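Each chain carries a letter (A, B, C, D, E and F) given by its place in the written order, and its residues are counted from 1.
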Amino acid sequence: MDRFRQERQRQNTRILDSEHLGIKRFFNLDDAAYRDGALDARTKEMMGLVASMVLRCNDCIDYHIIQCVQLGISEAELVEAFNVALVVGGSIVIPHLRHAFDTLDVMLSEQDEPGS
Amino acid sequence: MDRFRQERQRQNTRILDSEHLGIKRFFNLDDAAYRDGALDARTKEMMGLVASMVLRCNDCIDYHIIQCVQLGISEAELVEAFNVALVVGGSIVIPHLRHAFDTLDVMLSEQDEPGS
Amino acid sequence: MDRFRQERQRQNTRILDSEHLGIKRFFNLDDAAYRDGALDARTKEMMGLVASMVLRCNDCIDYHIIQCVQLGISEAELVEAFNVALVVGGSIVIPHLRHAFDTLDVMLSEQDEPGS
Amino acid sequence: MDRFRQERQRQNTRILDSEHLGIKRFFNLDDAAYRDGALDARTKEMMGLVASMVLRCNDCIDYHIIQCVQLGISEAELVEAFNVALVVGGSIVIPHLRHAFDTLDVMLSEQDEPGS
Amino acid sequence: MDRFRQERQRQNTRILDSEHLGIKRFFNLDDAAYRDGALDARTKEMMGLVASMVLRCNDCIDYHIIQCVQLGISEAELVEAFNVALVVGGSIVIPHLRHAFDTLDVMLSEQDEPGS
Amino acid sequence: MDRFRQERQRQNTRILDSEHLGIKRFFNLDDAAYRDGALDARTKEMMGLVASMVLRCNDCIDYHIIQCVQLGISEAELVEAFNVALVVGGSIVIPHLRHAFDTLDVMLSEQDEPGS
């Protein structure tokens, strides 16, 4: 999970170093979309998670699960979000459901470690 | 909007009349996915809406907007959900964003009518 | 259904009149893919139908249902194919499942007419 | 075609009237992406067209064909772009290829009219 | 291939251990969709394979190829199914076609081993 | 990058050795689509790149970036193509944007090596 975050960070820095104004602004829009507003960040991160699952993108699923766990969303809540994605997106989502459970387990075990 | 609901009803009856057990069970699973549980129906209907927008299905968008408005979700909240879908799914979502605003306006004007 | 076929014919003629060799060859490949071979045409048309349903294209669904009914595939067989598509593709397929049943009913009623 | 443009205009005005900052900024980013830069507008509009065809969005296809014809891109060039989209996206693109040719023909006939 | 099956088994057990009724029922529906019925299991597994290829999911492709080979579907039949998927889904399917041939070769060589 | 090319080559040879006429012809059509014609190869390779990004296929992205760099398309031009794909396809494209920048950097550093 740490390597995922470091690699992601290295690549984002590379992208923003390209100094393309459109890409930079897109990244800002993307960050802003999940901040508290008329809906709270929790709800919007879970929406981002469901959208990532039905569009079947493991990297995006990991990112939103990390955010969700950090915002205190429980396993039971996340599993309900997984189920919405499964029903909407069908069995083609199942490999990503497996991935999502694995990531969730890593995040939950990180939380249980003393000092984390 | 009434015609949408009647046509949808006629077609669902036709499908369930086919007596295919798998299809019947799928429809039950689909209904169950949006009921109050670890997450409330409001949150799950909005997840279904965002999933429908990024997967670009107008009929599904209409269905979830109707449910959301009936559950008392405000225009400001729905527009935030639209924005998450737009950022995740990109400009290819824009024609469906237009459709979503039109449906929202019809639903809101229905609500304002006396006796509705 | 007749208008669907005529409109489709008019448009295909227009496309092939553009004299683009790549497009012309693609259309030939497309026709050839569904002819009897190691698998029979029936099986391949049903594969094309399931692929069209999970990719959610009503025009393609109509085309393959027409072919399937003309090849003598029964309603029960088609409904099983619909179910595979529904499970693989999820509830986002449901509007196309409704469309598929409507097209199937039109095709079946055409078959029942004397002289058809 | 005029109705398409008016309807599109009405809906965009409605969306921007919602005063959602994220949506407003997304629309600006979308406009900016197709302006002359390291690549010229012609090339970028054709990229937008091919992307719209493989993602199978008729409204987006219409928008980009209008832009392309106004930028002086020829029928032969557009048909080559259509072919790239057909090969990348497969036969599921064919209904959108039909639509694209119809829109192209409307645009070309508009251009031929005196006073247009 | 063995590791694929073990990993898949471990993850499915984890998912079903989450005791989410909707997910459990979805898994049952998914299993049931490919059993002999109005269409035989062979035909339905090949439909699942084609659907997995056009939706571009390697894990799902592997699963259905394993099932197909175990049901006695020949290489020639599978290659015809691959071709339908390629024509419907276009060149974007080619990386998954490469993957499918690799999986098929592993499955066929497993079958040739004495004692397997 | 060399391993990518060798593996790709090995797999394509395997596929063409299957002697399936439809697949062989599809591969020919695919090659032909990017050759100079009414549009030049540069423009068409960039279209293929944008299509691969919005359809989110890393292998296809790598292939088209290699072709683009060999045709002399500059980093600034490629980043503009990336931006079109990002705006059309949304934040779900971002993991593939990261991948595209990594591949671009490998290609550019290969070019800078003496004797390459």
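Couple of notes before you dig in:
What we mean here is this: a residue touches a chain if its C-beta (ideal position, glycine included) is under 8 Å from a C-beta of that chain, and two chains touch if they have at least 3 such contacts.
All values reported here derive from a predicted model rather than from experimental measurement.
Common neighbours of chain C and chain F, listed by label, are A, B, D, E.
Over half of the residue-numbered contact pairs of D-E are shared by just one pair in B-F, C-F or A-D, which is B-F.
Copies chain A and chain F of the same sequence differ by a rotation of 120 degrees once their CA atoms are superposed, given in steps of 5. Averaging Cα coordinates per chain places chain C and chain D 28 Å apart. Our note on geometry: chain D versus chain F, Cα centroid distance of 23 Å, whole angstroms. Residue positions of chain F touching 2 or more other chains, listed in rising order: 22, 26, 29-30, 33, 51-52, 54-55, 79-80, 83, 86-89, 91-92. Under the stated contact rule, the graph of chain-to-chain touches is complete, every pair of chains being in contact.
Against chain A, the residues of chain E that register as touching in their complex are 8, 11-12, 14-15, 18, 20, 22-23, 26, 30, 51-52, 55, 57, 59-60.
Contact residues of chain C toward chain A in the complex are 54, 86-93. Interface of chain E with chain C (complex): residues 29-30, 33-34, 37-39, 43-44, 46-48, 50-52, 54-55, 74, 76-77, 79-81, 83-85, 87-89. Interface of chain D with chain C (complex): residues 56, 75, 79-80, 82-83, 86-87, 91-92, 94-95, 97-98, 101-102, 105. Partner chain A is touched in their complex by these residues of chain D: 21-22, 25-26, 29, 32-33.
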